[in-house]
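Next come two complexes, and both contain chain A; in the first it sits with chain B, in the second with chain C.
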Partner chain A sequence: MIFYWTDTLFFILLLMLAASVIRTRSKEHLRRPWRKVARSKSAMVSLTVLIFYFGFAILDSIHFHPTESQAGEGSFKTEAISLLDWWANPLRQRTEKTYSAPFASYGFARETVIGEDGVSRRSYPRLLYGGAHLADPEHGKFLDILQTGFKGFRDGFFAWLVLAALLTLITSKSSNLQFVPYATEIVKGRTEIPWRAILITLLFLLLASFGLGELSLKYHVFGTDKVGEDVFFQSLKSIRTGLLIGTLTTFITLPLALALGILAGYFRGWVDDIIQYIYTTLNSIPGVLLIAASMLLMQAYMARHEDEFASLALRADFRLLFLCLILGLTSWTGLCRLLRAETLKLREMEYVQAARALGVHQSTILLRHIMPNVFHLVLISVALDFSSLVLAEAVLSYVNIGVDPTTESWGNMINSARLEMAREPVVWWSLSAAFVFMFALVLAANLFADAVRDAFDPRRAE
Partner chain B sequence: MDTPLLSVENLHVAFRQGVEQVSAVKGISFDIHQGETFALVGESGSGKSVTALSVLRLLPLGGKIIAGTAKLDGVDLFNMPEYEMCDVRGRRIGIIFQDPMSSLNPVMTIGQQIGEVLRLHFGLNGADLKSRAIELLRQVGMPRPTQHFDEYPHQFSGGMRQRAMIAIALAGEPDLLIADEPTTALDVTIQAQILALLKRLQQETGMALWLITHDLGIVSTIADRVAVMRTGEIVEAADSGPFFEKPQHPYSQQLFDARPSLTSCLGRKQSENLPALLEVQDFKVYYPIKKGLFQRVVDHVRAVDGVSFSLPQGQTLALVGESGCGKTTLGKAILNLIASSGGRVIFDGLDVTGSSGEARRQRCKAMQIIFQDPFSSMNPRMVVGDIIEEGIRALQPELTEQQRRERSEELLEAVGMTKDVRLRYPHEFSGGQRQRICIARALAVNPRLIVCDEPTSSLDVSVQKQILNLLKDLRKRQGLSYLFISHDLAVVAELADHVAVMRGGKIVEIGPVEQVLFKPSQDYTRKLLEAVPGDRQRRLILQQ
Partner chain C sequence: MIQYLIRRILYAVPLLIGVNILTFVLFFVVNSPDDMARMHLGMKHVTVEAMTKWKHERGYDLPLFKNDQAEGIKQFTETIFYQKSVGLFLFRFGRADNGEDIGADISQRMWPSLAIAAPSLLVGLLVHISLALMLVFFRMTYLEFWGVALCVAMMSISSLFYIIGGQFVIGKLLQLTPISGYDLGWNALKFLVLPVIISVIAGIGSGVRWYRTLFLEEVEKDYVRTARAKGLSETYVLFTHVLKNAMIPILTGVVVVLPLLFIGSLITESFFSIPGLGSYTIDAINKQDFAIVRAMVFLGSALYILGLLLTDISYTLVDPRVRLN
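Here is the complex of A and B:
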């Protein structure tokens, strides 16, 4: 096992998430709004999708040095790979020469091919891997795709059946019903948590992933990019990058915004003046400019300390971490402002005054009375910011100040695809794949955030 | 008898809460006739406002009329298409709400807001509209109608805003005016003016007035007929005369009994020469008014301006006055929750003005506060046990968890709650129960003085009575002293030994309760007393 910086932080974050879930279960006032979230169909469907994405990110965050057999042929044995890399070895290693369209069996560009008769002519070459098993791609391909896809769907459906039965069994334990009556409740959509919607989402996810998985063994389902890498594999790898940026940045934003916002609002006076001065200054510098400057500085630093960043992966990882850091440093002001305003209101609340009259210490008041009462704001804005951060990564990578070019990310995919948009015929698949994956994640995150906001916003409570 | 103007029959209204339906109004029927004043009386949550809103078909989200009819001049309102209903609202039935602060649009002038109604219902425009609006403003007794036409709501006081609201409601020349707690948010003197205005307007225009209130005092002043509502049902409906002579239903009786009365202070013994527990000398709280680029202090708002009084051990001093007179500021500043600007606070012979450190901790132990709003005075994210134990934790850190727990259970029983509420959250309790918990929290550190900042003004009368009894009981058992801040003279009469009347940051009159309430020496005190609605008994006594 080997832990990169981002891996460690990501797992710490997941542990904190788990800890807060356990804490939430024991507190009535925290459980109540979450129960409302759990009752919302769109929220639970989005959550299922999010968990699916997180599953990939976790698989991709467990790195290790591969043994000879694990690494597969033709790869650098010195570089650590992740579980996802290992699992998707066939995808990772079957690179073509250059572009190829989704499900293609011939290359995208003409090449000089020497035929059986020894005469060389310009034509579209057969791909090394895509559809290589077919004797006559012209005729047999469509049927083969259907057959393979169906096989994947079938496996996916069985996997879903097993999973659904397991879930039903586990959840029926917590209700008072037996397995069969509980299952009918689910089918009729009468359970408190919308299990039917969740299971249907799960079915679609599993069908899609098994289908695509099966097909991708024989074809490049999303085509290949300029250097012949499988775009589907790139999209999967990008999940980790996107999620990391969304979550780690929050990790940096949150303590800053929370501490400064609450202090400014509670103590007012000169404390407030200083904190406000800091964030208005920070806010008046264009964010992109600040990020660009920092990223260039960081690159200069890495260039001067080459010995500390021995491997490419280490460099890419450090760059990703630094990007999170700088994104976090430039984006805490909004939340801070919000928290300051809320604290200004809360400090005049009578329970805070009562605590002061009881001689409770200032720090205790902040921790026990102010912080828990601004936490709904934190939760709402974190959920909403997550998706905008994922999008920010794409934009920053597009202008070349984002993640390292060797790191797979949706931004990089879009960036590398933009020139090809002018080609005839158009190379559309990199862009579309990145778009589809990003869209699903951002949509799920937004829908979930909406439900969270509805549940936690006191103004929307009945 | 002629056909009633409004006839409500068998009205059922329910609210959706999650999956279940909670019925708010359970089959009530009543009539309102042309030109009469009908009062619907009830405690909070009895469904009286919901009834009014459902007649106008303006129920909030989740509310639904299940059954029943409401006929205005024989036309069923519930079967009317929405666009016809729009003509009824404002034109046939006008409504005034409780809170004049939030029911006027802050970015429109009063003239525009009245004009909106006039344009909509009468198609008036330009000069006609303006002259009619000014006439309306004059009718509701605004001092400078022409000028007020172009003014914004924030330039008005609470009473003026309520007048403006009434002018807007009158603009449609309605046959029926619904007044939903029209004076609850106002001071007593203003309340009396508004009630008199409503009565006069009703006589001038001949419209019917439907008054919704929790205050029997108001009802006795202006209503012709009364209906008492309780948990969605009308328990008694009668003409006002017989009703106030002798209410029939036990619940109405209970409402009457629960009302605090000015006369309750008569014959209260005054113990002399008790040592002073709290002495306040020439106390001042000024807020600076800052102006200009460098925020120079140009003047001060004198919230409390040279107040002196002393409170003997085991006694209660009431601070009374209208809103903005500085009584709450004074109470909080004595506890150093607001910084004071001058003067001294001597507690038990010790000068504690603006003290800090150990002296502050000691003072915190001895002086506590109970607030007006039981909903905002407890942290919604803490359980009751933690709320009560907070003071013990801070001031007696040496106690073990077990001891703290026992102490909090003791306290809960002392304020009439059961032990098991320790593990519940504040939102699970009603206003009165919350106020009990707040009292328990204050008692937790064994105080000798409690500042009660309007502790009963947001509670229903029956609950108010219970809390007052609890306070009296605690005073007797634990020898507590209270600094009781209130705007309600009747409540003060129930509890206080001494009364200090405040106005504009100064004490205008101070003395034993009987003397201040029955032989006031100041005009202002007299004016306050006269404005207390419906206390006929006191007037009789005064006449003797």
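Here is the complex of A and C:
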């Protein structure tokens, strides 16, 4: 096992998430808003999609040094691979020479091919892997795609049946109903948590992933890119990058915003002046420019300490981490301002006044009386920021101040595919794949964030 | 009023000094001039002479904060901090790495930026506010539900896709406008249409949703109910009562970005190869030209602070209840 910096932090974050879920379950007043979220269909559907994405990100965050048989041919033994790499080994290894369209069995560009009669002519070469099992791709391909896809769908459907039965069994325990009546309740959509909507989403996700998984063993379902890498595999790998950027940023934003915001609001006076000065200064620097400046500096730093970043993977990982930190530094000010305003209001409330009059220590007042009561703001802002951070990654990578060019990310995919739009015929598949994967994630995140905001914002409570 | 203005302008001074010190620390302390020289002259095989020459040409061979070799006031003026920072306050930006005057470049390049950004903002405002008013007019109907759903979907698409898609469909398939480029004078018009359309469409999702929440907050207030009870038509209420009162939060968002229009948009300008300040900054980032990036950071901050000041002034103009003191 190897832990990169981002891996470790990601797992710490997940552990903290799990801890807070367990804590929330035991406290009724914390559970109430979440129950409202759980009743919302759009929120639960999005949550299912988000969990699906997180599953891939977790698989891709467990790195280890492969043994010779796991690594396969042509890859370096010293290179650490993730569980996802190992699982999708066939996808990772089957690289063509250059571009090929989705489901193609012939190359995208004409090449000089030497025929059986020894005469060389310009024609489209057969791909090394895409549809290589077909004797006559022109006729058999469509049927083969249908058959393979159907096989995938069938497996996916069975997997779904098992999962759905398990879920029904587990959740029926907490209701007073037996398995069968509870299942009919679900089918009729009468359960409190919209299990029917969740299960339908799950069905689509499983059908799509099993279908694509089965097909991608024989074809390049989203084509290949300029250096012949499978675009579907790239999109899967990009999930981790996108999610890390959306989540690791909280390591900077939350402590800064919470500490400074509460202190400024509670102590007022010169503390407030200094903290306001800090965040107004930071806020007045245009975000992109600050990020650009910091990334330039980081490149210079890495160039100076070349020996500390021995491998390419380490460099890329450090750059990803640094990007998260910088994005955090530029985005905590908004939350800080909100928290300051809320604390200003809270410190005049009777219970805080009472605590002060009783001589409760100031740190205790801050931690026990103020902090829990501003936490809904934190939650809402984290949820709302997530999607904009995922979108920001793509833009930053385009300006060359995003993640390392060797890291798979949707931004890098868009960036490298952009120029190919001028080609004739158009190379559209890299862009489309990045679009689909990104759109699904950001849409789910947006919908979920909306539900969280509706449930936690007291102004919106009915 | 004038007293308030003076106080606000004085308050901007420490902010600008803060920005200046922050960027100075970022560019010169975290990263010494030696590092910069090495980065520009190639990483590995750099002679000391070449580095000294590079630093001397750019005035980076002085001490950072205090010059012990000089005397009197020169102890502080003959330093990198004084030479490179004080000039920024007077908008003297110095020279870029290729020897060109940054200030001249900026004053020349801000007009194309403005030519893109100003119409984008105006048309965007018009379109987004009318769409939001329409959604509010049809509230509690399916039209509103699907309108909001469409907004959320449009918000979830990266701006890069809008630009690439727009260039592909309008520029390449339909061939209505040139895909990218820029020209002087009125000839620029045909190059401006596409970027403006695309930036308006890309902003619909978040813009319409934002204005809709503003209007919805107003719509539920008492004076609106009174207006309706008096028998005024819904359109009349929306356009005269609601729109007028929602103007204050709308202004906050708009006035603050007005000065920043000069800076332009990094992404749009580089996609459409418009020779504005946005593409200037991107080029500087790619060339690793620290002087330009620092000048742009300072300029951006100064304009943002100006925007905050303008916002406060505009409050008094729109809302007579607000008094500045």
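In this section, the second predicted complex is superposed on the first by the 462 of 462 C-alpha atoms of A that agree within 3 Å, B and C clash if a C-alpha of one lies under 4 Å from a C-alpha of the other, contacts with A are read in each partner's own complex, and residues count from 1 in each chain.
Convention: a residue touches a chain if its C-beta (ideal position, glycine included) is under 8 Å from a C-beta of that chain, and two chains touch if they have at least 3 such contacts.
These numbers were taken from a predicted model, which means no experiment stands behind them.
Undergrad: Of the partners chain B and chain C, which touch A:L260 in the superposed model: first, second, both, neither?
TA: neither
Undergrad: In the overlay, answer first, second, both or neither for which of chain B and chain C A:H369 touches.
TA: A:H369 contacts chain B only, not chain C.
Undergrad: Counting touched residues of chain A, say whether chain B or chain C comes out ahead.
TA: C
Undergrad: A:A303 in the overlay: touching chain B, chain C, both, or neither? Say first, second, both or neither.
TA: second
Undergrad: Under the stated touch criterion, which partner chain does A:E28 make contact with: chain B (first), chain C (second), both, or neither?
TA: After superposing on A, A:E28 lies in contact with chain B but is clear of chain C.
Undergrad: Contact-wise, after the overlay, does A:L289 reach chain B, chain C, both or neither (first, second, both, neither)?
TA: A:L289 contacts chain C only, not chain B.
Undergrad: By the touch definition at the top of the document, which applies to A:R356: first (chain B), second (chain C), both, or neither?
TA: Touch status of A:R356: first partner only.
Undergrad: Taking the contacts chain A makes with chain B in one complex and with chain C in the other, which residues are shared?
TA: Dual-contact residues (chain A): none.
Undergrad: In their shared complex, at which residues does chain A touch chain B?
TA: 28-29, 349-351, 353-361, 364, 368-369, 372-373, 462
Undergrad: Across the complex, what residues on chain A touch chain C?
TA: Its residues touching chain C are 277, 280-286, 288-290, 292-294, 296-297, 299-301, 303-304, 387, 391, 394-395, 398-401, 410-411, 414, 418, 421-422, 426, 431, 435, 438-439, 442-443, 446-447, 450.
Undergrad: Taking the touch rule as given, give the residues of chain C at its contact with chain A in the complex, in rising order.
TA: Checking each residue of chain C against chain A gives 14-15, 18-19, 22-23, 26-27, 30-31, 35-36, 38-39, 43, 152-153, 155-161, 164, 167-168, 172, 260, 263, 266-267, 270, 281-282, 285-286, 288, 290, 293-294, 296-297, 300-301, 304-305, 308.
Undergrad: Touching chain A in the complex: which residues of chain B?
TA: 17, 62, 332, 335, 337, 360-361, 364-365, 367-369, 371-373, 376-383, 387, 390-391, 393-395, 425, 427, 438, 441-442, 444-445
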